[in-house]
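Got a structure for you, written out below as structure tokens; questions coming shortly.
Note that the chains are named A, B and C in the order they appear, and that numbering of residues resets to 1 at the start of each chain.
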Amino acid sequence: MNALRPRWSRHLALIVFSLLMVYPIIWWLGASLKTAPEMNLPTIWPSTPIWENYSAGWDFSPSPHTFAHFYANTLLMEVGNVIGGVVTAAIVAFGFARLKFKFRGFWFSILLMTLMLPGQVTIVPQYILFNRFEFTDSYVPLILPHFFGGGAFFIFLLVQFIRGIPKDLDEAATIDGASVYGIFLRIIFPLIKPALVTVAIFTFIWSWDDFFSQVLYLSSVDKFTVGLALRMYIDQFEVQWGQMLAMALLSVLPSAVIFFLAQKHFVEGIATTGIKG
Amino acid sequence: MNTKVATTSTRRTLFRISRKSGESNLHGYLFISPWLIGFLLLTLWPIAQSFYLSFTDYSLLASPVWTGMDNYKRMFFDDADFVQSLKVTFTFVLVSVPLKLFFSLMVAQLLSKSMKGMSLYRTMVYFPSLIGGSIAVSILWRNMFGVDGYINKVLAVFGIEGRGWISDPDSALWTLILLNVWQFGSTMVIFLAGLKQIPQELYESASVDGAARWRKFYHITLPMLSPVMFFNLVLGVIGSFQMFTAALIVTRGGPMHATYTYALFLFEKAFKHFQMGYASALAWVLLLMVALITVLNFYVSRFWVFYETDGGGRK
Amino acid sequence: MKRIRFKGLGILSIALMVVLSACGGNNNNNKASESSAPASSSTPKASESASPSADAKPVELSIMWWGPDARHEATLKALDIYSQQHPGAKFKPEYLAWDAFWQKLPTLAASKSMTDVLQMDAAYIQEYVSKGLLEDLSDIDLTGLVDPAVVENLKIDGKLYGIPLSQNAQGVAFNKAELEAAGVDLPQKDWTWDQYFEWGKSAKAKLPEGKYAVNDTSNLWDWYQWYQTGNGGKPLMTDGGKTFNFDKDLFVKYHSALADLRAAKAVPPADQQTAFLENDPAGDPMASGVVMTRGATTGSVGALEQLMPGKVDVVNIPVGSAGGGWAQSTIFLSVSTHSKYKDQAKAFVEWFITDPQAGEALGLTRGIPINPEIYKALEPTLEQKDKLGKKVYDISVDKALPFYPIAAGYTEWVDTYKATMEGVMFGKTSIEDAYDKLNKLGQDIAAKTK
């Protein structure tokens, strides 16, 4: 295909476009190396970069822990979220997309409805619920929901992808004597790999960002996530801008690395494995 | 390559087989049970609670007091902020959803090709979406669109006098729309995954037929991508109606409530003004509006969304 | 069926209604049963619930506060000292930043799991007291620790719900270095409102292009309240919010004066003014170098000084016939009514402002300590930022009026004031219309409070 041939014009367009997209991030890097009084100057790069913003920020003086501890906490939580989300969302989505059962339409409407009700009004009753079971100040309220289908967004996403897969494949397998479970495991699951990678990445990034639930459910500092620790820099009057910006920038890196490593799987989807139909 | 010509008979066979074993319902419920159990255990009660609370005066700090339809009456007859937040939200949804869809589809097309360095481009383009609702975004956006911001500096080169884009009631919402479109990465990634699911054979045989590139895009890419497009549309609408973080951290709803989105309005009622009862009523009205639009979306989708399962498609 | 249909939204709502009527009933019963349910944030034995005896057994107290990291470190140290002095006493501390604290606290209150001891702010204490969430601390003996007049002043309906921790006061910070460089006369203590507006104009004339002497404070409700009360008017919300006093003459006079400044271009244009964000290094009106003055308190001026080291000086809020500004404690320690260890909590709270060792550990992390003896011990260690804070207090205290907080139920009014007055700043609303709108809302809230 001609698209496989590298073209300079396309490279150029992509380079310009990418730089435009990341320009503000470059500004951010510069700002994270500035002193507070320097921050209102228009220059992007400080005269003398304050690398201490990174080292002091990392040490995180309000607690005996360093950011390493918070990264470990967050990653541990993320492992649970991603595994739970990917596996259960795929199972549920297969049920909705391929199987026929009573009240399927009804349950699917309910599923979508849970997306439409703003979380701000359910979070307090949910907190009361978890509190009654004494699950507060633990990761349970943060991880558990991911093991119940990972949320309507991902289920719906996978339903759409599964419905894009030709049914001939299921049919052929059925004739070969495969059960519903066989079809799911051996045919659908491998074919929606790009979509599953998407689910994994989004689960990772969005749980990383989900500040409001984290602030509600985690209260001891030794359980803090990166996001919670970051917010500690911004008090009513006093904000440690340099350290805050430095740590905020670092906190984006894991997601960026995960994205970088995972995105090649979009390319290897069905397109290269091909459908032997 | 005739994969997309799924016959109706094969579809029926599948269901007949499972029905014959009499396990269709059982299988179905078994597969959706992770979600169903979670829903009944963790979600149903809070949802029901919020519905009940929408008929009460509830400050969070004290027990709710039943007030009947008062919250709903107040909303429709006696709250200028409600009307303002609707105006802001509808503008936001109507502009940012199509813009983001179009933009992310174009970029996904560009980034779906296999090329040297593509991994890096993809990551760079996705980067703005990674920073999400980080507090750094608010500082960043104020630096871009403030009176002394970079946008005005660029404009000054062309002799145009800028203004405080982010703090002028006429333009503040537009900077938030721009921020939203700038963070188009998630939508784009879903398109990217969708593009990669389209069998290459379709394009190859079309090339043999000598089809032009835009014809391939129109006759193959668009129909094959339509389920994913539909997903992005439905979820884009639902998500945009709940737009909240940017309005909270970048503009705090101001100036003059020019960026007072519905979800921010609701949030302030719930957690700042101690009116969780009213906030719950607002949430249910939002649900009703979004549900109506979604039903409409599903209805219209019959005419443009193509599923393999349905057999056939746009030729 | 090939397509998942969106039927049943109607059925769904009916189904939900049925479920709900059951749930709704439950909810009303919660109140009675929950007061005896254990608070999950601590892990106490149920049998140990506090007895009225004064001699408090050591237990694990949960405690929550907000602040910057210096305060966190200092407070943790103080908690350690308490544990050493009272063997067996333990803490479950939780510390957050301001925003997170006030987002989380309502949820804790809703689930009846507020911590035993919690830091409180004058801006919110009325809301929490009015809902019966804070314990009456009137029986703690504060003689010799806190000036009795201060204690009297802090009482809500004759009872004390928070132990004051520090002195706070409201003043005006100004950029001394730049004003002097431009040859502008510096603001003097006890300047009147008329002098303030006049100074705003005359100083602007001497400043370089793009710099201003004063802010357009139209959208800040507290500035207007200082004007109204300073000129002999009543505070906006009295009787715990049952009465709303919104003086039309004073309102129009104040906002006309600001409109004059706008017309004379002596304040930043509205789109620049509304973009300011205090304490943001690039967005702060003063730290960014655009405006020469802004409001600052004992507690907040230190943060400003760090953004523009060596340039800041302070003066009091402009005064009227009745006085001006306020000087009072605004940070407290309170005890939750849901606490099972009220006696231990009270003992700890008293210790917190009494113990010299604690005082040394805490330093000035919550402002100027309320206990004169503790302050005396700390005085030699004051840094420039602390001295500025102290100066705000000293310069304001003789003319100061009481601190008039937002009454319960009025946060909505405060936010509406901001949005409405921004309409005036952008020239889209007239001062009279703004008055009518705000007065109606205020009167409505007052009527509801009865």
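Criterion: a residue touches a chain if its C-beta (ideal position, glycine included) is under 8 Å from a C-beta of that chain, and two chains touch if they have at least 3 such contacts.
Note that this is a predicted model, so its numbers are computed, not measured.
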Tell me which chain's centre, taken as the mean of its C-alpha atoms, is farthest from chain A. C
By raw count of C-beta pairs in contact, what's the busiest chain pair here? A-B
Chain A and chain B have mean C-alpha positions lying a whole-number Å distance apart equal to 16
Could you state the distance in Å from the CA-based centre of chain A to that of chain C? 36
For chain A, jot down the residues that touch at least 2 other chains. 96, 100, 104, 110, 112-113, 123-124, 231, 234
If a residue has to touch 2 or more other chains to count, which residues of chain C qualify? 5-6, 9, 103, 106-107, 110, 280, 282
Using the touch definition from the top, which residues of chain B touch two or more other chains? 11, 45, 47, 49, 60, 139, 143, 271, 276, 291, 294, 307, 309
Under the touch definition given earlier, write down the residues of chain A that touch chain C in their complex. 36-40, 61-63, 96, 100, 104-106, 108-110, 112-113, 123-124, 127-128, 131-132, 134, 136-137, 159, 212, 215-216, 219-221, 231-241
Quick check: in the complex, which residue numbers of chain B touch chain C? 11, 44-45, 47-49, 51-52, 59-64, 81, 139, 142-143, 146-147, 163-164, 166-169, 253-257, 260, 268-269, 271-276, 291, 294-295, 298-299, 302, 307, 309-310
Any idea which chain C residues touch chain A in the complex? 1, 4-9, 11-12, 37, 40-41, 64, 66-69, 72-73, 92-100, 103-104, 106-107, 110-111, 113, 278-282, 287-289, 299-300, 302-304, 306-309
Which of the residues in chain A end up touching chain B in this complex? 1, 3-4, 6, 10-11, 13-15, 17-19, 21-22, 24-25, 27-28, 31, 42, 88, 91-92, 94-96, 99-102, 104, 107, 110-118, 120-126, 129, 144-145, 147-149, 153, 155-157, 160-161, 163-168, 170-171, 174, 180, 184, 191, 194-195, 197-198, 201-202, 205-206, 209, 211, 230-231, 234, 244-245, 248-249, 251-252, 255-256, 259-260, 263-264, 266-272, 274-275, 277
Using the touch definition up top, name the residues of chain B that touch chain A in the complex. 2-4, 6, 10-11, 13-15, 17-19, 24-25, 27-32, 34-39, 41-43, 45-47, 49-50, 53, 60, 107, 110-136, 139-140, 143-144, 148, 153, 182, 186, 189-190, 192-194, 196-201, 203-204, 207, 224, 227-228, 230-231, 234-235, 238, 241-242, 244, 263, 266-267, 270-271, 276, 279-280, 283-284, 286-287, 290-291, 294, 307-309
